């Protein structure tokens, strides 16, 4: 499932450690509306780990997911380069992949490993790029903006 | 690029018509902050077409994209089954694929054709599923919710 | 409740007509996750009415509300000046006011009347400005952006 | 400006400390698209402070604000009761109040003090409730959901 763009650079031990952090993060999930807990753990380039959980809102649309919470925490502490993110949920018979909103936020900070897990600690590997093929890039946005300023 | 899940059921004439509608829709883009116009045209199962443009907001985060505008219009008029969506933008040297938020909203209504275009009317084909591999399904969410109600 | 900034320029007949449109719009609500229906009807300056309903998403955060659906529809058809918006829901013993996300999208297009209703057709009046006091303006954003370009 | 619901329970010294934290948080703002920095500092009931900055995204709509970043960080570390939040930006001649999305996320965790500041450290006081009058409550949502389950 990895395609040829895959990195998968972590050791099994590091993967298990990251998944374990993502599982622990589930305990703080604020999921009053879905009753569904998700956790994430983000490994920054310097080795530090930032965890996140889903945080819901009565308006539904202002909910954030575990993955975005972890990324926002890391970026707000000065980190913008990441090695991997692990994701856990309560779904038993399948692996919980991120929603489209999180995929877009993940790819904003480049290509890195994604480990999606099950409660029994089984995991699958993918990458931020595989999750959002042909993603819209800053370069494309800026090409239009520059062309307009020049005219 | 299509993979084996691709539909690509439209005739070249219908594709050009849909792309043309998506280009026209760009004229109403409210893009005060990005200065970047995007248009979309959504073909419902009954043959009706719903167009959309990007509509931005001073808070950035409350911006909507052309694709979501088109889908929201169609759903609010009673449509939930779609054949295809076409997307246009001002980017000249690449095809404008949807952002992750739009991919997630697109797949909520199932598998259908996606045609991304360039200003010179060249296009590429993909599908809603190809754009968000391993998407998180209602089934997974409900499996957890049901298990909790039973306990 | 209106404060001194209130407009309330519609006749009772027009208010009832707008509320009635917002109630009808509830029938197309796609509310698989909340089981909660909301409708909105937006009166544009030229007298045309655009309706909207809530459209939810398995990811929760990609849900849109009835009010935003109505506004996005109108803007995507070339309207940017509005007289009033009416909102209906299934809540019986209180009036359903818009969420913060919708308030921000509503004020992007200026000051106009807001009529929130109950299933028994009772209504309360407010305005887009009253709903988001001290809203963050384009002017403030641009003052910073201009200062940076000049340096 | 405070109305009668205002708390304003912090000492001038604590307010200045919180504003100062929110200013420092601006340094990590990821604002590639707006070129506009915002910082926030959230005081939890136990005295700990969580800071946040705006983190933008090429898709605009997946941007998060400083206020939400701070709240998400705190909640993901187990905090759900707050005393106050301070907000700073680069706008010189007015106070930067939160966007509607942030107001909705702020009120999800109840009534507390909000201090909006200017670069010269002048500040204004308001509260989470004043910023979103007649906010939509969980109670209203649940009244509808319960009525449907009973039928």
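Labels A, B, C and D are assigned to the chains in the order they are written; within every chain, residues are numbered from 1.
Throughout what follows, contacts are C-beta pairs under 8 Å (C-beta built on N, C-alpha and C of every residue); 3 or more make two chains touch, one makes a residue touch a chain.
All values reported here derive from a predicted model rather than from experimental measurement.
For B-C, the matching interface among the pairs A-C, A-D or A-B, defined by over half of the contact pairs being the same residue numbers, is A-D. Annotation: A-D is the more contact-rich of the chain pairs A-D and B-D, by number of C-beta pairs in contact. Taking the mean of the C-alpha atoms as each chain's centre, chain B and chain D sit 33 Å apart. As a whole-number value, the distance joining the C-alpha centres of chain A and chain D reads 24 Å.
Shown for chain D are the residues in touch with two or more other chains, namely 33-34, 58-59, 62, 64, 99-101, 104-105, 136, 141.
Contact residues on chain C toward chain A in their complex (touch as defined above): 33-34, 56, 58-65, 99-101. On chain C, the positions that touch chain B within their shared complex are 25, 27-28, 30, 32-33, 51-53, 55, 57-59, 62, 64, 68-73, 75-78, 80, 101, 104-105, 108, 136-138, 141. By the touch criterion given at the top, residues 34-36, 89-105, 107, 116, 126, 130-136, 140-141, 143-145, 147-148 of chain C touch chain D in their complex.
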